[in-house]
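Shared between the two complexes below is chain A, which has chain B as its partner in the first and chain C in the second.
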Partner chain A sequence: MAVVAQLIINGLIAGSIYALVAAGFSLIFSTNKFMHFAHGSSVVIAGYLLFTFFSLWHIPFYLSCLLTVVLTGVLGVVLHRFVYLPLEKKNASTVVLLIASIGLLMLFQNLLQIIFSASVKTIGYVQVAQGVSLFGASITPLQIAIILLSFFLLILLYWFMKYTALGRNMRAIADNKELAEIIGIDHIKVASLSFFIGSALAGIAGILIGLEQNVYPTMGTMLIVKGFTGAVIGGIDFVPGSILGSYLLGLIENIGIWFIPSGYKDALSFALLFIFLLFRPQGLFGINKGVRK
Partner chain B sequence: MIMLEITNLHAGYAGLEVLRGIDISISPNEIVALIGPNGAGKSTVIKSIFNISDVTSGSIVYKGEEITDLHTHELIDFGISYVNQGRVIFSNLTVRENLEIGAELIRDRHVVEKNLSHVFRKFPVLKRKAGQLAYALSGGERQQLALGRALMQNPSLLLLDEPSLGLSPKLQKELFETISQLREDGLSILIVEQNAKKAIQIADKTYLLEDGKIALSGGKDIIKHEKIKNVYLGGRY
Partner chain C sequence: MKKLLLMIGVISVLFLFGCDTANTGSSQAAEPGKVKIGVMLPLTGDAASYGTGIQRGIELAIADAKLTNVDVIFEDSKCDGKEAVTAINKLISVDKVVAIVGEVCSSATLAAAPIANQHSVPLISPSSTSPAITEAGDYVYRTVPSDALQGDFGANLVYGYGYEKLAVLYSNEDYGIGFLGVLEEIFPSLGGEIVAAEAMERGSADARAQLTKIKEAEPDSIYIISNSPDSMVASIRQIAELGIEADLFGSEGLKGPEVAALDASEGLIITSVSSGTTEFQTEHEARYGEVPGPFAAQGYDAFKALSLAVKQGATSGPQIKQFLDSMEFTGASGKIVFDGSGDVSGNYDVYTVIDNEFILEDE
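Presenting the complex of A and B:
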């Protein structure tokens, strides 16, 4: 029983991080209709920003976090304005944008390797803590914080999307960009805003994972694959769907290692990714031709 | 006074010239119909007014001001609203959200509320279904929602692109009544229609567009014209 509880808790922790990444990825996808794989860079760069601000420059922890989140959001806007928009203005296809985004992901990964070396960096704000016991499973205070904070942020995002005019405009652009334009919504402004919010969420994921594990240059690539898989499972252009899909992925991965060796954890999520792409590309809760299936 | 004056308009899409020198004028409180075969360029006329297609030469003057290069939000602020072809609505937004977003550019909450209750009075079914997602609406209700959304912008000039397309005869009749009613309310309307007979009946002035040029124009008696009789009233296309 304790083992099952432990696996579920581990699944929730992983799912929380994936969900933060996937929510931003989906938000950006829904308003821009291309896959921003460099979203993974936002996660890893946030980890390194926090490492720089807090561990190297000794800026107070919460201020370091705030700076990190804001800068990561700004990074997303910069990529939108200076990479994707110019490409879109030249009528680049979504494939070109996709390739550009993968190029950015590689570029940032290499830049981080050059600046910080390939070795693992420890932020060291949270001392290795004794886990508390929950249903026989052990969970550290940081892990509890990860689960609660993600949950809170995702609810906040949901509220924002559903009940504010800006969120409504984002949903409108996701639904029908042309119509949004002829009623006077500035789609570039809205798209930039979704890059800011999405990237900031990725930044928070980067901070949390940086605190929980460590920071290393390839971590962004690893996480965007997971976030993408979660989004595909839930429905890539439907933010709540991709959030649920990510929690599901976290749980499946971690409960899966009850049955298969833990080394196959990543293979399991890849298998899921392919199954969904092949048989249910709109995801479990995705929007298909205007109808939420 | 003239509300909208289009003079010698040449327009199209990225090098493709669709409109080859057309003149159209709309007076205040007037319904003007634009009819013609598929591909003649009717939608392009409306898109040119709304600065969506490329205008290569000619002028479009609204209430005395040249509007050829204005942005969408400026046109809406000026009182021009556009309902595009196909009863396009945001299917994943609620009916109420579809209407509220129409008033996106209006900052004054009270004006938005006032417009909303005006639209709800005009289209009671939208009020009943306000909280539902719009994809569940029927064809007729969608058209009402698309019209309602445009009305949320407080327009003085309404551009309607084939509003009756695909509606049953009964719903078409209701729609044309609604449009006539909007004129009574004080709006000017430019309506593109494939239902030539209906359009001519409700319009004060009709233009026949063929192959990017105005082939014919006139009042209600245009219906007696040989060309209209033979080609356009034989059926619909």
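Presenting the complex of A and C:
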């Protein structure tokens, strides 16, 4: 029984980490309709910001976290205003924007390596120790916090998208940009705000993942690949859907490799991605507008 | 539209998954009339900490060789088969190098080996330890002993300490698979049992599922085979978090500052190739202010072997090969003699992590 509990908990931990990445990615996608893969860099940069503030400059932990989240949000806005928006104004296609976002991902990865070197950095706020026992499975307090926070974000984002004016505007743009503009929604402003919120979410993700997995320059690629897969499974333009999809991905990966050799872990997630793209491209909870024939 | 977007996204993800970063190979302009030697190492990506450490060893060798007729061209091959093929093709076809030091990772060296053989350009790896490299061709050499030796040494070490139920967590690439193969052959022959062998993707920071399987097999010892700092730091941490009560052993890839800094590494025992003679270590510290990284001494020796051949007048690949096959010298990592398949023999040191430091064990 302990094994089943441990596998489920492993799946929830992995799923929460993917969900933290997927939430911001999906929020930005839903209003902007292009894949901001550099979102992975935002997460890593947040990890390094926390490392700099807390471990190098010894700023109190919670203040470091606050600074990290705000600065990562600002970084998102800067990327939107100075990279994506100029491209959009030149009528660049979504493919061009996507290539730009991959370019940014690589640029940041290499910049981080130049600044901080390629080695793994440990933030060291949480001591490594054996986790507490839960139904015979082991889980650390940090991992419990990660799972709870992801659940909390799921509810908060659902509420935000459904009941706040900004959330409604975002959904309006997601649904039909031209119509939303006609009724007076400033789509650039909403897009910038979505970049701020989405990237601030990456900030929260970066802090938690940095504490859990340490930080190293190449981690952004790994994270965005899994976050993207989770988002597709859940429904890429529906934020709570992508969070749930990420949980599903984490659980399937971790429970699946109990039965198959562990070398196939990533193969399993990509197989899942393709099954969804073939049979349910809008994802489990995505909005099917019924326009695809 | 959305479907198209999704498909583009998927293609991009696969692209990202396949190659971490774009080719950022840097090259220095080489003057005509000189002998050119190429170096290909992972200078970016998750193995960059090895690449930059080895690069320092090579730079010391360049400084010591005092050759005026040699140009050295560095390429970033990212510890990746595809990148290594691109890098070696560029070095041979565009830069016209006559010999190459590289790659760090076994998979990358094995991918580049056929091209080195085809063009008769000697390729000397400072750190690829896969047993498969022994058979990789006439022009492939290395200054680090094969894992056929390290696996044998490691298996005997674990069994010698009295452990009988060994679990292996290995990196899913030529290096890990080759090392595992040796352990699986030797450890049972000594009387022990390999109770679990789980693979981990290079660079992945989540080994919980694999470790849960290992925990269920109830091993008394775990051998970690990895040369990805991200993965090994994460897996050592997760072993502690999951409360697995087994003692830890590791391959030489684990001998890095990141691993030692981890409190959960206390008591970890690793086998390691020589980290260099006292003179080499002193010279390295004087120049860089740090102790040599893993394989820096082997990097020094790889370049030294080539520089000795050039000093004796070799100017082409086949000529250098001739000198390599008959040379014998004492380098930074000890005595270097290449056997018929380009391998060196070697002894291993045993280190234990005590108070966040690797302490050399006296035999």
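We take it that the second predicted complex is superposed on the first by the 287 of 293 C-alpha atoms of A that agree within 3 Å, B and C clash if a C-alpha of one lies under 4 Å from a C-alpha of the other, contacts with A are read in each partner's own complex, and residues count from 1 in each chain.
By our rule, contacts are C-beta pairs under 8 Å (C-beta built on N, C-alpha and C of every residue); 3 or more make two chains touch, one makes a residue touch a chain.
All of these numbers come straight from a predicted model, not from anything done at the bench.
**Student:** Does the superposition put A:129 against chain B (first), chain C (second), both, or neither?
**Tutor:** A:129 sits against chain C, while chain B stays out of touch.
**Student:** Is A:88 touching the first partner chain B, the second partner chain C, both, or neither of them?
**Tutor:** Neither partner.
**Student:** Could you look at A:165 and tell me whether it touches chain B, chain C, both or neither (first, second, both, neither)?
**Tutor:** First partner only.
**Student:** Tell me which touches more residues of chain A here: chain C or chain B.
**Tutor:** C
**Student:** Would you sort A:98 into first (chain B), second (chain C), both or neither based on which partner it touches?
**Tutor:** second
**Student:** In the superposed arrangement, does A:185 touch chain B (first), chain C (second), both or neither?
**Tutor:** The first partner, chain B, only.
**Student:** Based on the A-chain superposition described above, do chain B and chain C contact any of the same residues on chain A, and if so which?
**Tutor:** 292
**Student:** In their shared complex, at which residues does chain C touch chain A?
**Tutor:** It comes out as residues 2-3, 5-10, 12-17, 20-22, 24, 44-49, 52, 172, 198-201, 203-206, 208-210, 212-213, 215-216, 229-230, 233-234, 237, 240-243, 256-258, 261-264.
**Student:** For a test of understanding, state which residues of chain B touch chain A in their complex under the given definition.
**Tutor:** Answer in residue numbers: 50, 52, 72-73, 76, 82, 84, 88-93, 97, 100-102, 104-105, 133, 135, 149, 153.
**Student:** Flag every residue of chain A that touches chain C in the complex, lowest number first.
**Tutor:** Residues 3, 6-7, 10, 13-14, 17, 33-35, 37, 94-95, 98, 102, 105-106, 109-110, 113, 117-120, 122, 127-131, 138, 140, 143, 213-214, 216, 218-219, 221-222, 224-225, 228-229, 232, 236-237, 253-254, 257-258, 261-263, 265-266, 270, 273-274, 277, 281-282, 292.
**Student:** Which residues of chain A touch chain B once you look at their complex with the stated criterion?
**Tutor:** Touch residues, chain A against chain B: 165, 168-169, 171-172, 174-176, 178-186, 287, 290-292.
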